[in-house]
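Quick heads-up: structures coming right below.
There are two complexes below, and they share chain A, which is joined by chain B in the first and by chain C in the second.
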Partner chain A sequence: MAKVTLNDITKVYHSNEEGDVLAVEDANVDIKDKEFVVLVGPSGCGKSTTLRMIAGLEEITSGELYIGDNLVNDVAPKDRDIAMVFQNYALYPHMNVYDNMAFGLKLRKFDPDIIDERVTEAAKILDIEPLLDRKPKELSGGQRQRVAMGRAIVREPKVFLMDEPLSNLDAKLRVQMRAELSKLHERLQTTTIYVTHDQVEAMTLADRIVVLKDGIVQQIDDPISLYSEPNNMFVGGFIGSPAMNFLKATIKEKGNDLVLVGKGDFEVTIPDDMAKTMKDLQTYIDKEVALGIRPENILDPAVHDDDEYDADNLIDAQVEVVEPMGSEINLYLDVGAEESIVAVVDVNSGAEVGDEMEFAFDMNKMHIFDAETEEAII
Partner chain B sequence: MNKQKKLILRIISVLSAGLFLVPFYIMLINSFKTKKQLFLDTLGFPKTFDFNNYIVAWERLEFLKVFFNSLIITVGSLTIVIIFSSMAAWMLQRTKSKLSTFIFFVFVASMLIPFQAVMLPLVRIMGKLNLLNMPGLIFMYLGFQSSLSIFLYHGFVKGIPKALDEAAIIDGCNSFQIFWYIIFPLLKPITITVSVLNAVWIWNDYLLPSLVINKEASHTIPLRIFFFFGEYTKQWHLAMAGLTLAIIPVIIFYFFAQKHIIKGVTDGSVK
Partner chain C sequence: MTITMKDIAEIVGVSESTVSRAINNKEGVGQETRKEILKVAKKNNFQPNRLAQNLAKQETNVIGLLLPDIASLFYSDVARGVQDYATSQGYQVIVCNTDDDKEQEVNYMNWLQSNKVAGMIFLGGGLVNNQIVKLGLTDYPIVLANRLVEEVPLPSVIIDDTIGALKATEHLLDKGHDRIALLLGPNNSWQAQNRLQGYKRALKNRDIEYDQDLVIHKSWSREGGYQGFLELMELEEPPRAIFAADELMAAGVVEAIKLGGYFIPQDIAVVGFDDTVVTSVIDPPLTTVTRPMYELGERSAKKLLNLINEEEIKEEIEILESELIIREST
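Let's look at the complex of A and B:
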């Protein structure tokens, strides 16, 4: 087991057709021993590239990569002591499950008894003992996934690398395998680097999440901090579902308070303590900013006690769409801004399409971003 | 309607199968006739089944010896053609560079050059290099057969996900191990197709061996069969017996390998 350190890792692809592609730029990530780190970001942001550089399948253009205390930039993949699970599993079609799992150990000239012991043990953990004689094509997607995991486990590597290992499974199986992955990590305690574009997977699995966009690391944090303190609009919008709402607004002074004024009749007051502690806010007076508010922080006064919301910060909105989700409903609201915003309210709210209603923003949980740099101010 | 269609199809298949069998029929029945009988009644049944032709042909051909010569040349060429072209196709497909595209293109383009255009200079050069007879012949077959083989393999390798190579790298394989443990076993269907195509061609080839083999001891079956066709006399009855002898091993081989061959050809066509 080992820590993994990325120092200023950069990757440039030299491809014939498109010229040079800068896939990853100056990535700095410190992954601790036993940590489960998830790389997340939209398609093409460089997640796989980063993982493949750690695996040794892609050359590192510049920067230093350490596994444990060893600089491994020029170390062959097989000597890095890592195991990888691929998106489409990449099981060897002509070998049965047992041989698929044993292959890496056989190449490393392990004693047959030890190989047998490890494969049997892994098969037991993954619940695939009855399948050992089957060929991959005789397995279901979920079973193949387990075999791919098994192939990684038997090697007992320092680091597990996984590239969207669950994305080929149907939704239900994915949730189930996600839980099993968590359990597995709990049990084996192997440092794991996991790639996904699904933020729910990232939130549920990770000790820490690395958010990437266009090859640049946006933020590295534990799931809760990432959710409550996003560094910028991209992270705010990417983490959480439904996504954070953004409204253009201008900061104005009103008496002793600072207020956010937007299109329509929109006006909310920034809480006193926030305005005071954030001295920077003063420099934004009369400037345009982006107000970020999560759907779950837009409250329907009808279903909350008076002390749960701020009666001074009510805004008018018209309900455009109602999406019942079971215990909650998603409301799409027109507040006079360019785009409608989403609120998640209790099912008892009773809102219906076309209703003119008042909503309260939970101002202690809102975010303010610089409109130009998109960096967080609060 | 459907039944009628089936019937018509069946009749057509039987007829065309019959058509293909006619030469075999002529060969077989005439191999039992004397020379005189053969010329008097070429298509008729022999009056008696006389194996004398076979005995004479067997001795004149030195059948066992030339059979093994043909076998060594065919199996030898086939082995190296398969080894070299499958490895080359894999590398050419997996390497994404202008050079690899160019090399592949050269291989494919060489399929279009007619053999007759290169045969004389080739034989002269190879003669100067002392590369004639069996080793030279096998080497030349590698050159002639690998372009089509590489082309076929190349198309098939495309269908094997690169992630398998990568999984093998991470499992600890070097390039040779990736190829022999993972890729080559997966190429089996196309290897069978390539083998059949090449084996038929090499086994039957007359022209190249006639130019390259200058020692009687190294003669192949097609070269020897030609002995029966002298300048003044053509000994058809012996030739027919010789040809029948030559076909028997092929039929036995096909009989045992037919399951694989048919599977290989159909699998190859799907990919």
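Let's look at the complex of A and C:
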């Protein structure tokens, strides 16, 4: 097992037709020993490129990559002691599960007793012992994925690298395998770097998440901090579903308070303690900012006790769309801003399309971003 | 109205260059994204300019065949199969001997690619190196012939060795033998383990107990076969049937049996492995397992040309079975 360190890692692809593509720029990531780190971001942001540089499948244009304490920029992939798991995996149809897990070790001429020990142990961990004699075609999708994991496990690598390993599975199985991956990591404690574009997968699996956009690291944090303290509007909007709402607003002084005033007759008060601790906020007075509020922090007073919301911070809205989601409802609201905003409320909220209603913003959970740089104002 | 790459880029929400990479089957697009792009392209009847594309690719009608050593009888038969099929389809084959040396292999790969070779077949030689994995992650056409990969599925044609060993063992069982010796190369060799597996499976199918004393690991050589036989003769009850799972070992066993004054098959029955010039000179004519080497070459070439021409391939991994030829040694 080992830590993995990326120091100013940059990747430029040289391509004849498209010129140079800067796929990853100055990435600095310190992955601790035993940590489960997820790289997440939209398509083309450089996740796979980063992973493949760590694997040694892609040359590093500049910067240093350490596995453990060793600089590995020029170390051959096979000597990096890593195992990769991709979304597609080669299970050989003529080999049973045992051999599909063992063949790599056999070809590397490991002692048969050691192979047996490792395969048996991996099968136990993955709960596929009864399947060892079966051929791949006699397995379900999830079982096959486990065999592929088993093949990586028997190699006893220092680091697992996984590039969207679950994206071929159907939604239900994906959720189940996600839970199993977590358990597996708890048990093996092998440092894992996992790539996905699915933020839910990232949030549920990761010790820490690296959010990438356009080849640049936006934020590295544990899931909860990432959710509650996004560095910028991109991270705020990317993490969480439905996504965070952004409203343009201007900060104004009103008596002793600071308020956010937006289009329509939209006005909310910034909580006192927030206004005080964010002393930078003073410099934004009379300037435009972006107010970020998550759908679950927009409350329908009808389904909350009086002390659960702030009656001074009500806003008027018209319900445009009602989207039942099971135990909750997504409401699309027109608050007079350019775009409608989304609120997630309890099913018991009687909201119907066309209703004129009041909603409360849970102001302690609100975010304020610089309208130009899109950075969080703290 | 025809849709442009730019339109597709907008619909999917990616850059135009990503759309271009996806449509031109190039690396650097995640599978999900690629699928999405191709879906939109297909739905909107996107017509890429084929002519421009082919000109840009400037590929030649040449494929590369990388193998450890053409001098090996096994590989030369496969190469023949590759060449015959490729030629029949208007392609030329460049054969590169890698001597199982990774660096040499990578050098050849780079050289072949820079010469715009349309695709490559990697024949034999154990696990693929990461350079091949990397190439496999792009959409450059490659086929693995009897070569295995751990990380990603690559189009492959593979001979299942275990089946040949199973058939050989079953044949001796059918002849009434229930104590069958197995001569193999070193215990940690891939081939040895496969053949042992086929042997064990045949015994298990007939509920015959596996007896470790009957399985002898020596070197893959005539000497190995010879010595193996001598060892078997020292058993309390020497076996009267031997499966020598290698051509050279089979030659050595037969030689040792005859020198000992025994008759084949009356005293001792022998099955060999592979049917080459070596086994063809053995007297009496040897019952032996034959691997479909020529077919391996042919199928691999066919798969590669399908990939080059972007035709759908039926199975990504194709398995060929080895057969038993029954002659006079059993």
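To be clear about the criterion, the second predicted complex is superposed on the first by the 349 of 378 C-alpha atoms of A that agree within 3 Å, B and C clash if a C-alpha of one lies under 4 Å from a C-alpha of the other, contacts with A are read in each partner's own complex, and residues count from 1 in each chain.
One rule holds for everything that comes next: a residue touches a chain if its C-beta (ideal position, glycine included) is under 8 Å from a C-beta of that chain, and two chains touch if they have at least 3 such contacts.
Computed from a predicted model, the values in this text were never measured in an experiment.
Applying the stated contact rule after C-alpha superposition, one finds that A:Gly141 touches neither chain B nor chain C.
Once the two complexes are overlaid on the shared chain, A:Pro93 sits against chain B and chain C alike. Of the two partner chains placed by the overlay, chain B and chain C both lie in contact with A:Gly104. For chain A, the partner that touches more of its residues is C, with chain B and chain C as the two candidates. Contacts of A:Gly336 after superposition on the shared chain: neither chain B nor chain C is touched.
In the superposed pair of complexes, A:Pro301 makes contact with neither chain B nor chain C.
When the two structures are aligned on the shared chain, A:Leu57 is found in touch with chain B and with chain C.
In the superposed model, A:Ile82 makes contact with chain B only, not with chain C.
Shared-chain residue A:Gly44: touches chain C; no touch with chain B. The interface of chain A with chain B overlaps its interface with chain C at residues 55-57, 77-78, 84, 86-88, 90-94, 103-104, 107-108, 151. Looking at the complex, you find that chain B touches chain A at residues 96-98, 161, 163-164, 166-173, 177, 181-182, 185-186.
Interface residues of chain A facing chain B in the complex, by the touch rule stated above, are 15-16, 55-57, 77-78, 82-84, 86-88, 90-94, 103-104, 107-108, 151, 155.
Interface residues of chain A facing chain C in the complex, by the touch rule stated above, are 13, 17-18, 21, 23, 42-44, 47-49, 52, 55-58, 76-78, 84-94, 99, 103-104, 106-112, 151, 164, 167, 197. Those residues of chain C lying in contact with chain A across their complex are 13-15, 17-18, 20, 28-33, 56, 126-127, 129-130, 133-134, 137, 148-154, 156, 158, 160, 162-163, 187-190, 193, 197, 317, 319.
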